[in-house]
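As written, the chain order gives the labels A, B, C, D and E, with residue 1 at the start of each chain.
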Amino acid sequence: MSEKDMNYKVSQMLKRSETNVSNAKKSFVRPEDEEREVVAPDGSIMKVNPIYDYFSGKRPEEEKPKNGIVEKFLNWARAESIWVLGFGTGCGSIEIPPLVTPRFDMFRFGVQMRPTPRQSNAFIISGYLSVKTLKRVIRTYEQMPSPKYILALGSCTINGGMYYDSYSTINRLDKYIPVDVYIAGCMPRPEALLAGFMKLKELIKAGKAEKANEYARNFDEYKANQKKIIKDWNMPDYNW
Amino acid sequence: MPFTAWSKIVKDPVTIKDPLNREAAPRYRGFHDNDVDECIGCGTCEAICENEAIDLVPVDGIETKDGDSGLRPKIDYGRCCWCALCVDICTTNSLRLTNEYTWVDTDPDNFRFVPGVDEKDWYEKEDGWRKPVPNYHFYGQERVEMEELPAEARGDSFIEFVKGYSKDQAQQEADRCVECGICIGTCPAHMGIPEYIKTIRNDDMEEGLKILYDTNPLPEICGRICTHKCEDVCSVGINGDPLSIRWLKRYIADQVPSEQYHEILDTQKIFKGDTKIAILGSGPAGLSTAYYLSLLGHNVTIFEKLEKAGGMMRYGIPEYRLPYDQIDKDVDYILSLGVEIKYNTDVDAKMFKKLESDFDAVFISTGLHAGRSTRIPGSDHKHVFQSIDLLRQITAGEEIMVPEKVVIIGGGNVAMDITRSMARLQKIKYGKVQTLATSLESEEEMPADREEVVEAREEGAIIDPGWGPKEIEIVDGKIKGLHVVKVLSVFDEDHRFNPKFDEDNKKFFDADMVVESIGQAPDLSYISDELKEKLELGPRGRYLLNEYNQTSVEWLFAGGDIVVGPDVIHGIADGHKAAVGIDNFLHNKKK
Amino acid sequence: MTVYVKFGYTLLGLLIVLNWGFLMGATFRKIGARVAGRYGIPFYQPWLNLLKNISTRTTITHGVMYYIGPVFRLTGGVGLFLFMPMVFTGDPAGLWTNYSFEGDLILILYFQVFGMLGMALGAGQGGHPYSAMGIARGLAQHAAVELPLTLAFLSIAIQYDTFSVYKIVEAQQGGMMNWVLFTNPFAAVTIILAMLGAMGHSPFNLVKAPNEILIGPATEFEGTYLGFMQSAGSILHVMEAVLFMNLVFGGATSWIELIVKTFLIYFWSVFVGMVFPRFKIEQSVTWFFKVPLLLGFLAIIIYSF
Amino acid sequence: MNEILDKIKQKYSAEDVKVQRTGLAFVTVNKDVALDAVTWLRDYEGYSHFVMMSCVDWIEDGKFQLLYLLHNPVTKTDVGVKTLINRDNPAMTSGHHLWKQVWTYQRELKEAFGIDFPGSPRVDENFVVEGWVDIPHMRRDFNTKEYSEETYFPRPGRETHDPATYMREQLYPNQPVTAKRKDNDK
Amino acid sequence: MINKFLGFEPDKSKLPSATAKIGADLDLSSHKYQKIWLGPNHPGVTGNMAIELTVEGNTVVNAKTHVGYLHRGFEKLIERRLYVQGFPTSIRMCVAEPDTNEYLIATCTEQLSGYDKAVPEMAKWLRMLSLEMARLQGLLRGVPGQGGTFALGLGVQWGVYLRDLILDRFEELTGARVYHMYIIPGGVRGLLPDGFKERMEDNLMDIDDFIIRIRKLMFHNSVFKTRAKGLARITPEMVDKYGIVGTNARGCGVKRDVRKDEPYLHYDKLDFDPPTDSDGDIYARTWVRWQELIQTVDLIRQIMAKMPAKGDIKAQMPNVLHWQIPKGETYVRLESGRGEYGMYYVTDGTDKPRRVNLRGPSYTHAIALLEDLLVGADVADVHAIMVSLQTCPPEIER
């Protein structure tokens, strides 16, 4: 975002806080990204909405599991090959290095780290999430291919943890994205994290880790919650 | 050369083979455990928790009783940060953290549990975080010592020997309070104890006085002689000395001169209606009722048999414990609210009947002024006295017999009062003390306050408990002494009074005078038979009262020692309740 | 022998190569883990990863080239395989010589670049700036690797007067001393050094460095595409090793020998890669343009005159 | 140390000079000369290390207290130059030219307290919060707990009991709490 | 204006002009530049932050640090907490080396309430031990971590393993692995457990071995030298201008170490000399940190040898539930693994602090300094530069 845009945003923000019109429609979208009508070369008028391109606006769809034994077999493969996104969203990510190093070595359990959301199917929310990060987490989560799983670490994701009264961090993760496994602790030890992975494997093998479909099913509800706290919602509703 | 790193390939991996069952360090701060039998539900853990992770909840199978709120901490692992401040401040040392650390769940609502009550598999783990020892405390463990006159200086006079706290001392003592409120529930009058202790810390005596008068119109008196049930249950006292709540109350009252009372309590002018209420007896219950009824706008008349107001507080408690000027301070303030008092007025049955027609309601709190006798052989001798009579005479300034040797029968506070009074009188008269007190109960069971016993011994009196009086030996019309036998047990299995004696184990106490102090009885002769029939009786022969101390005769209220006691604070509580009850009664009647 | 039997054997060979590629990859990850002091992944992990990847439900697309990118990459690997004699049996039309023919060395050189170009197209359409950046780096480095490698290949071709890999292998039979390693040491050393770049291990793996850029060309690929790419990568790794085995280390007379030799050849790049950090792209280009290029020229000069 | 404090008192009529501990002193100067004092300390007295810039909200006085904390690496002493600015429309001269990191502090203070530093680079950009529409979050009148409860819905189902109240309810049910006093004007 | 008050003219020629822009003003629509984001979801970024890079080909022409992804509003939250409740909150301000925060908040409250003299001797030594152990575990990640930025993962693997051993010792001593919550206002929360010193010595021997290995692996490594030497050079002139502290300053020859300059606890009783180097580039900084690793191991040995066998661990303090501190303010600093780490603490006479402000070294290193050092650097070096400055985002945004 360029400086000019920032200035614009901030001036908008200050204007609002000065007049204290909290109910007025707020816009954090940059002027060039706003939905508008443009005149095409042939003189016709068409509507453009730069933030929403064709795919971004598409709702996620439920993807039904395959039948019987096939799905079981695939679930077994999925369970034994969990690729975790390397996105340290909070302080719990300090316990990730011990997991990939000799002391705890989670590779032997089939768990590996991947750097990009496209290639990962598990997301560790390592503790508290500030609203600013939540925005990125939602974006990242939506980019991950289904079936995808979320492990939530620590008190912060359950009920706010230490930051229950903070203006910047969310209290309950399950309001914004569906969570498969919660691990108690502040922060949980690597051993607890491994136990969480074991639990996740169990769930996958039992075919119970279908939270990505739940997200698609309750998409509107999740979106409403997300939009309630992300005041500057300047991204597409769904990022594939 | 970097290639030397390859030498590691021949070494075995250092990985932990089975990380899922690895034991954490012995001091590890894992999940909570609570010894629910030790825990009293004081809620200090809740107060110190910076994350508001702890709730106090009622738990099945744990009943609320004095000193135990019946609540137990419920911990929300959606909040906890495992700082263990709750363990470090736990007043009972019942809370601890085990070194278990794995809890994986799919439902976020499951992460709440009551440690020690809800089934969890880590309770059997011995290791884990406990409060560090030694000298690691979050609040003072030792009571600030109250300055007292030494036994030598106080033994020969009736001046008050407890000096009271200085400001520093009081603040230091008040600082130890953890504001749990267990005491509030236990105190019969439900005084706002933590609140007024807080005013001491803030050095705001006016606010403190207001809080005191909310529930207790006799703070000077209570601050000295209250039986302090609150201190017995004080959570600070479980692992240390209990807070000296009584002295702190006295400190507040002492700081405010009586002239300022009206101003502070905003009672220069109070509303008076046209209702009239008679109160029999000006003891704590009577005064308390009078106070609150006055505030409620009623005209109160107190009928007092004796010369001065105060009842047992004045005539039962010796001056060294409760100086008369302090009684006057409290009593005068109450009387100054427009309470009419008629001294030297003995209400008999005839007069009582008149009261019924003259007044809208009557409150009786005539107390226990009749001593009980042991009825052993020789107890009808003229030199066998009732302690209650002696104490009254001492207060009234009458001359009493002070012999060289005296034996007191009884182990209660009144017995100690008379013991210590007699010891003082002996010291004054003879320069030495030859007072002996004996009781049925053993040393541990004696109902008297521990400090009373200790102080009595300091002052030279002999306390020899565990003996049952058999006979007072009288030779030539003069008392020679008291025969006693060893008591095996005082109460039977059902906790009923049923003493058993060891007849072979005998003892003889020399005495010129014997004082009986085994309890008092009410004198309710003023109640006519006609009325008595109307009154419903509850268990143990007492009049049945509702929660407002109202008898089954709706205009008659009762309170004080005749109802429950003997105890000042119960009397005050009764007075308070009765005042509200009378007010309600009159209000309804008007309708 | 009909065409169909030959084709069957080719497929079988591809299967062996693919599985050996997976197993070798897992083995080297285990060896690396051992040096670090841990156990590492199970041996069967790559197969599971493949299964998992192709069972991914979501499929996204950025356009046609995005589909074709991994296919190109796979084609690069399969192409290398198709024209590479795997096991030397003495028979030029033998079952395991695949479709080797006179001049296949040139085709193989082309197929080495082919996969990379396909990746470039696919990654480019993926639209992620990191993909573009990674592929640009990859192509730059690949060019730097290819130059000394081509020189060494040329030198060997001149040495044996043929562009047929089969014939080069044939010429090296009959004892270790006939290997190019000893008969043409300059070309051999050039290849051994340039091989580090071709194998894509540290210090020459900036292309897919997760730290410096995200993960390079593969950033946007997921699911089946990623499975494809991984399989292609495994095949490529084995085939590169087979190529160097054939050119420098006397080829293989049995599958066992092939497996041992490719393992050792691959181990060389791991041996270096484990303990060296990675070069930046200009540094690696400079490095290849120094010693390997010089040696390559030397090898040519020696056999040209 | 005392020497410098004397000088600063003399030159900038500093008030409220307090030596907190050996090597650390705080002075309060007028808003107009605060940056001059800082510059003087940096250029002439060797206080060349800029430790931090901070702000305290004295809401009851209607003032923001800005602090420039300087360290002298030679004498190992610290001087905190404080200045009070008005809480309504707060603004302060920018000091970004003095040290390279000052603009960051000013940007943070702008966001957290709403103090403006005209001319400071990027002062209007967001620093830590994004899309903030409430009053600046570090001001004392911003209640973070209230905000959190309104915005982030804490997990329901929790209830607690006060031991004193609960005990009274259990042990002495139906008992009146206190006698309500009747007032004169009734 | 200035003359009126001062009678002197500040040397303005040394200063950048007052209207200077931070960063270049680029025309992005020229298509010469591309904008790429490094982070927050990026394995190369320390913690959770983002750098917005404008690149021209492979070269960075402008960089902007974006923080706030880890913002929790600690300073606001501590204003709502009692003095004793501050420490569990404060330590989460930096996850890499949390003990420094514990010490700072404890010392600030002690100084302002006048209990700083009452802290028992034993507690002081234990505080020092935990601080040095924290430094050690930080360095065990940091030193090989610099190699890790250049993809030398092996050193990281060994280092993090050894760090884990130190965390085990922490667990024994303090009861927790990462957030120790050990230093409390008035003292510490536990004595050394039995056999602690022996087990610690075992680990230190392993670390000695590691120190030699890492030297061979990193500092004798030609590729590492090629990449690290001459990269992101800090000159001594920059030190005061940017407020550079700690190993970053010592790497260019400016010897600043709070432990030496203003000894706190019992650092004056220990024998050590902070290492320096003159080059100021990444290699020099890493080299200084490697030397510091040796020194920290030595310091821990010294502390364990010199500390008393037993003693009180906590001073007698007022009841924590209503502990009030009179109005006052102070600034306390210490030398963390990343440099001067300080806390400005204001009390107003109530039972809660008025204002707590943390001065983390990353605040200056990762914004003003990093943004300037990145200009002209290769995109592939961004991560290395960021790590070499020991960026720790949570202490920037708190």
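Here, contacts are C-beta pairs under 8 Å (C-beta built on N, C-alpha and C of every residue); 3 or more make two chains touch, one makes a residue touch a chain.
All values derive from a computational prediction rather than experimental measurement.
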item	value
Touching both chain B and chain C (chains)	A, E
Co-neighbours of chain E and chain A - touch as defined	B, C, D
Chain closest to the middle, measuring from C-alpha centroids that were averaged per chain	E
Taking each chain's C-alpha mean as its centre, the one farthest from chain D	C
Chain whose Cα centroid lies at the greatest distance from that of chain A	B
Inter-chain centre distance, chain C versus chain D - centres from mean C-alpha coordinates, in Å	62
Whole-Å gap between the CA centroids of chain A and chain D	35
Inter-centroid spacing, chain E versus chain C (mean Cα positions, whole Å)	44
Chain D residues counted as touching two or more neighbouring chains	122, 126, 128-130, 137, 142, 144-145, 155
Touching two or more other chains - residue numbers and ranges from chain A	86, 101-105, 108, 115, 132, 158-160, 162, 164-169, 172, 186, 189
Shared-contact residues (touching 2 or more other chains) in chain E	42-43, 68, 71, 73, 76-77, 80, 88-89, 154, 157-158, 161, 179, 217, 221
Pairwise chain contacts under the document criterion	A-B, A-C, A-D, A-E, B-C, B-D, B-E, C-E, D-E
Residues on chain B engaged by chain A in the complex (per definition of touch)	13-16, 19-20, 22, 24, 31, 50-53, 76-82, 101-108, 111
Chain E-facing residues of chain C, complex	35-38, 129-130, 133, 202-203, 205-206, 209-214, 274-283
Residue numbers on chain B that touch chain E, as the complex places them	1-2, 4-5, 14, 24-29, 44, 47-48, 50, 81-85, 88-89, 97, 129, 132, 134-140, 175-179, 198, 201
Sites on chain A touched by chain D in the complex	3, 6-7, 9-11, 13, 16-17, 22, 26, 28, 131-132, 135, 158-160, 164-172, 175, 228-232
Interface residues, chain E side, partner chain A - complex	28, 40-43, 47-48, 52, 68-73, 76-77, 80, 88-89, 92, 95-96, 141, 156-158, 160-161, 163-164, 167, 177-179, 394
